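One structure coming up, written as structure tokens, with questions to follow.
A, B, C, D, E and F label the chains in the order they appear, each numbered from 1.
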Amino acid sequence: MDNIFALAQENLLSPIILSFALGLAAALARSDLTMPEAVAKGLSLYLLFAIGFKGGAAVAAHGVDTTLILSLVAGTVLSFALPFLAFAMLRVMTRLSTVDAAAVAGHYGSISIVTFVAASSVLTSQGIDSEGYMVAVAAAMEAPAILAALWLAARRAPAEALAAGGGVAAASQPGLLREVLLNGSLVLLVGSFLIGMATGAEGMAEISPLITDPFKGVLCLFLLDMGLVAGRGLRENRTAVAVGALAFAVLMPLISAAIGYGTGLALGLSAGGVALLMTLSASASYIAVPAAMRVALPEANPSVYLTLSLCVTFPFNLIIGIPLYVAIATGGA
Amino acid sequence: MDNIFALAQENLLSPIILSFALGLAAALARSDLTMPEAVAKGLSLYLLFAIGFKGGAAVAAHGVDTTLILSLVAGTVLSFALPFLAFAMLRVMTRLSTVDAAAVAGHYGSISIVTFVAASSVLTSQGIDSEGYMVAVAAAMEAPAILAALWLAARRAPAEALAAGGGVAAASQPGLLREVLLNGSLVLLVGSFLIGMATGAEGMAEISPLITDPFKGVLCLFLLDMGLVAGRGLRENRTAVAVGALAFAVLMPLISAAIGYGTGLALGLSAGGVALLMTLSASASYIAVPAAMRVALPEANPSVYLTLSLCVTFPFNLIIGIPLYVAIATGGA
Amino acid sequence: MDNIFALAQENLLSPIILSFALGLAAALARSDLTMPEAVAKGLSLYLLFAIGFKGGAAVAAHGVDTTLILSLVAGTVLSFALPFLAFAMLRVMTRLSTVDAAAVAGHYGSISIVTFVAASSVLTSQGIDSEGYMVAVAAAMEAPAILAALWLAARRAPAEALAAGGGVAAASQPGLLREVLLNGSLVLLVGSFLIGMATGAEGMAEISPLITDPFKGVLCLFLLDMGLVAGRGLRENRTAVAVGALAFAVLMPLISAAIGYGTGLALGLSAGGVALLMTLSASASYIAVPAAMRVALPEANPSVYLTLSLCVTFPFNLIIGIPLYVAIATGGA
Amino acid sequence: MQTHPAKRVEIIIESPMERRLRAALEEADITGYTVLPVLGGSGRSGGWSREGQIGRAGGMVAVVCIVRADRVDGLLDAAFAVLERHIGVVSVTDCEVLRAERF
Amino acid sequence: MQTHPAKRVEIIIESPMERRLRAALEEADITGYTVLPVLGGSGRSGGWSREGQIGRAGGMVAVVCIVRADRVDGLLDAAFAVLERHIGVVSVTDCEVLRAERF
Amino acid sequence: MQTHPAKRVEIIIESPMERRLRAALEEADITGYTVLPVLGGSGRSGGWSREGQIGRAGGMVAVVCIVRADRVDGLLDAAFAVLERHIGVVSVTDCEVLRAERF
């Protein structure tokens, strides 16, 4: 228990969290501090490239153990299954329409790569090892949730959806699946993972001054931007989200993390690996899934899913979730 | 004396100055070399974050001494008072309208953070220590000058200003004060200063590979951009500024620096701290104040104040001022 | 022979090549992975500044030897002469119109700075020294080819060109020469070279954490972008280029490299210097020359010259050319 | 200078739908259009801004398309099929163009 | 396809005034508009360009607003109150829109 | 609010030609115009996009110019002299402006 508090406190005072808090505060206070879109995208390309490459290089160093394939399968299943749980909870806890609930559910099955990056960096700070291929698991968990969401919207809301021209049509939209599987961040993450695997320690030595040394600092700047965007979202959509939905956005990650914990133990992952799988399960998408939802479920209200995912669950995981998951996974709780 | 020349020469041959000169030359020669707006903004966010954080970390390391509060008060007073001096000088030395003179005066009370950064980096190169909280003093000096300028415009130019719908109304414009106090660069500077203070040496160790090691190189690139912008400004506004105004733009920083010198000694700052306070006093704003003037004193001609501040005083301080102030503050003159 | 294969293989598995391949694959697969224009420009400014500065600092360290002037002259002559050879080959190997052939020829006389950077980084990895002033030679080779192309278009296609309002007029267009000589990348490359020369080892020490340590990593990100752009070009212009032209785009660099080899030996350059001169000769422009062609020879089809230069010759040099040129120059073949 | 009547169609559409709109236009044989970036805006669904955003969702683009009057209907049909369930705005203005043979 | 007459108002305004213009529009119940970035330009006060600039001053944005004809006057009054002492350009064009119920 | 008739000219032109167009406009005494960025597009010469590009070639900009009707011909002549051999699109729309004394 002490351990958790120590971790949480240390976490709270890390430059990463404080940078996020600064961005949030600036946006809520209506400061005109902003980061240009191109810079924010540049930072996210850097983070994806670095985390992917380092994961691949770690796999090259430690070899592919038998758990790799199992972990990928488990991640895929989690991503597809969690939305059903989320959907059920949303139907009970909120008055969201079926389409909205399906869209939100999709976000919680999928993952947030920055949350993953933040957790990795906490592990690194504490000298806790983890499987390099957790990056590949992260990638595997991105898309299946989207299919689950579309399926939920189509099955459960035939009338609603059909009236609007619909979910079913959407699910069968040509190109959507392909677009989701080839979305930029997924391709970069997987691609740099493969490059890291192929070039291994030698490649790592060549580019580590870019992707390792300044990594944490760049993460701070990126979280500053996330804080700004989240704060602006909160300001504009204060009223879009009811109390039930807020409760969901805090409860769901805890439940998902518990499921991730069980899965991680069953897979026999290291403590660090378990913490990362918990984090992945607990995190909610705010890039890939929103874009897919705008295309396939335009009737779903983006204020709802973006507010929950980016303005509630993301900070919750960052501040409370990650130290908690790490503490539990390492048996510190 | 020798010392000043040695310093000036070393300064002239530093990559920082030469990068600025390259940008200036390229723009004057009408090269199409440009830096995208987003990249320039990204670099300035980096510099603000780095300088703020390092200042805060230094305060965390050395503790808050009693001079801190006094320095903040002194900075605020200087920023509010210097515009009155500048205004008086402008009325004597130039034929600028009252509104233009008030606007220019506001720029010279406020500060240029890049000039501050350049001076800090000269101090670092020469191994001269300075108070970490000078960053906070810089922040304190940003806004008061704007109020002084508006007050000058309203008091001294009632007829002019009222005819134009004016200054008084402007000074009382709802939201302007708030906008100035919450402008992006101020919030980032103060915020990262606080983060640096909160996370101290530990935080510094984590992100120093981003904010310390490549700092000087990034400053070169940023000054390249400043040179490009200043050169373009010179080319487009050659005729906007009369000889009297040019003389003001060189004389004013010297006088302000002298006042800053006295203030710094009275406060009991270290030699490095005195050099920085001189630099702050001598520098003229080209971001926060111009934006405020466009909102509150739109009748003032931006070609005048931007040309003086960015194209004359900034290079003057960079090339001649900083080495001079450092030499004087360290007793080398 | 073994050496070449070893080099080629090592080269193929370098993060740099793989990053390019990733970009290419992503674009061909229609992923929406993209790098914002501003970020790509920012990276290219960094690379130009770094390579220029390092070249200048190397010259400052090793002194200007007598070969410098001769090398500059040789580069200028090569750049002006190679387009005539290229033009003759294009007339034989392809059915391109005179204007198109002249435009393509101009690209192959000029140079690609990223190809040069990639070759330098291969040399550095292998501990092979080269003359710092090869950067200046690269700069000298940028523009003359454009004049050759315009001359070819005007001489050989008087009817065609005149009908279109044409080449002759274009060649004498006021401002074009000046625009070419002052184009942004040329100015930055030469400017930072001079800064590096002026500040030498001391300047290098100050900014090397920015321009040396993360250099290779940044090059990877830039090549990722190049791959994306090349892949998109291939996708959109598959049909723009006939087989003859493709053969040209692979044959021409080999011939140019051979000429560069002879020239380098005649000049008495070091093995590294010869490899770089081969690379410069073999590389084809895709920034400065296309922009000049759009202004001066708008009738020439950009799909043709961009596809050949960026989508065929650039990858060819990157993957096969550079290791080959290095092997030959170092006598490893 | 000789000008010719035409129509300027401006379609403000969500970024995630841009690719589909482009495909639909090309299918309807409308191959001339230009895409402009959008910084932010406001509508029935509230205000938004691109600053600091990295995802495609939550952004829009403006597609400007100049066509001969007789092709406007085809264009609008194609655009509407894509836009129908989505937010976005379509406006059509009379204009004059140079070089009519290009449209 | 059925279209409806409307007006397209384009306001080119200094960036530092954007926030005030947005507030004024919203106060005048004009909640539909789109903001486009501007790279540079030229006017009586000379030429300018955004390249390499980091401050807000010295930049402009273009605000496009499509409204029913009967709301143009309210819009122009609101915009003019903000613009009055400032540089900037306002133009109004007739247009046709789809989905009139949205305006 | 009192408005005055004018013309809105929109010129979509290759980036490498922007400098020449600006010079030509200024020579024709058209000193008021605004330049907007363009992300991509499609035309007879195929599609293109600015993403990831670093060269000027392969990009376009949109120049918007609001003028009194009697100055349109001068403007079009000046623009056409620059555009003639180049790709690009020019359209002219009727509009109403505030503050007519500025044009």
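Methods note: a residue touches a chain if its C-beta (ideal position, glycine included) is under 8 Å from a C-beta of that chain, and two chains touch if they have at least 3 such contacts.
Everything numeric in this text was worked out from a predicted model, so none of it was measured.
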Exercise. Just tell me the minimum hop count from chain A to chain F, counting one hop per pair of touching chains.
Key: 2
Quiz item: How many hops, at fewest, get you from chain C to chain D via touching chains?
Solution: 2
Quiz item: Taking each chain's centre as the mean position of its Cα atoms, how many Å separate chain A from chain D?
Solution: 33
Quiz item: When the centre of a chain is set as the mean of its C-alpha atoms, what distance in Å lies between chain D and chain E?
Solution: 18
Quiz item: Hey, how far is the Cα centre of chain A from the one of chain E, in Å?
Solution: 38
Exercise. Please compute the C-alpha centroid of chain A, do the same for chain C, then give the distance between them in whole Å.
Key: 41
Exercise. Return the residues of chain A touching two or more other chains; collapse runs of consecutive numbers into ranges.
Key: 32, 34-39, 41-42, 179, 213-214
Quiz prompt | In chain D, residues with contacts to at least two other chains | solution = 19, 36-37, 47, 56, 93-94
Quiz item: Touching pairs of chains, which are they?
Solution: A-B, A-C, A-D, B-C, B-E, C-F, D-E, D-F, E-F
Exercise. Would you mind writing out the residues of chain E in touch with chain F in their complex?
Key: 10, 12, 36-44, 47, 60, 62, 73, 76-77, 80, 83, 89-94
Practice problem: Could you please specify the touching residues of chain C with respect to chain B in the complex? | Solution: 36-39, 41-42, 45-46, 49, 53, 178-179, 182-185, 187-188, 191-192, 194-195, 198-199, 203, 206-211, 213-214
Quiz item: Which part of chain B faces chain E closely enough to touch in the complex?
Solution: 34-37, 40-41, 44, 164-166, 175, 179, 225, 228-229, 232, 236-237, 286-288, 290-295, 298-299, 301-303, 306
Quiz item: chain C touches which residues of chain F in the complex?
Solution: 14, 16-17, 19-20, 45-58, 84-87
Quiz item: Where on chain C does chain A make contact in their complex?
Solution: 13-15, 18-19, 22, 25-26, 29-39, 42, 125, 213-214, 216-218, 220-221, 224
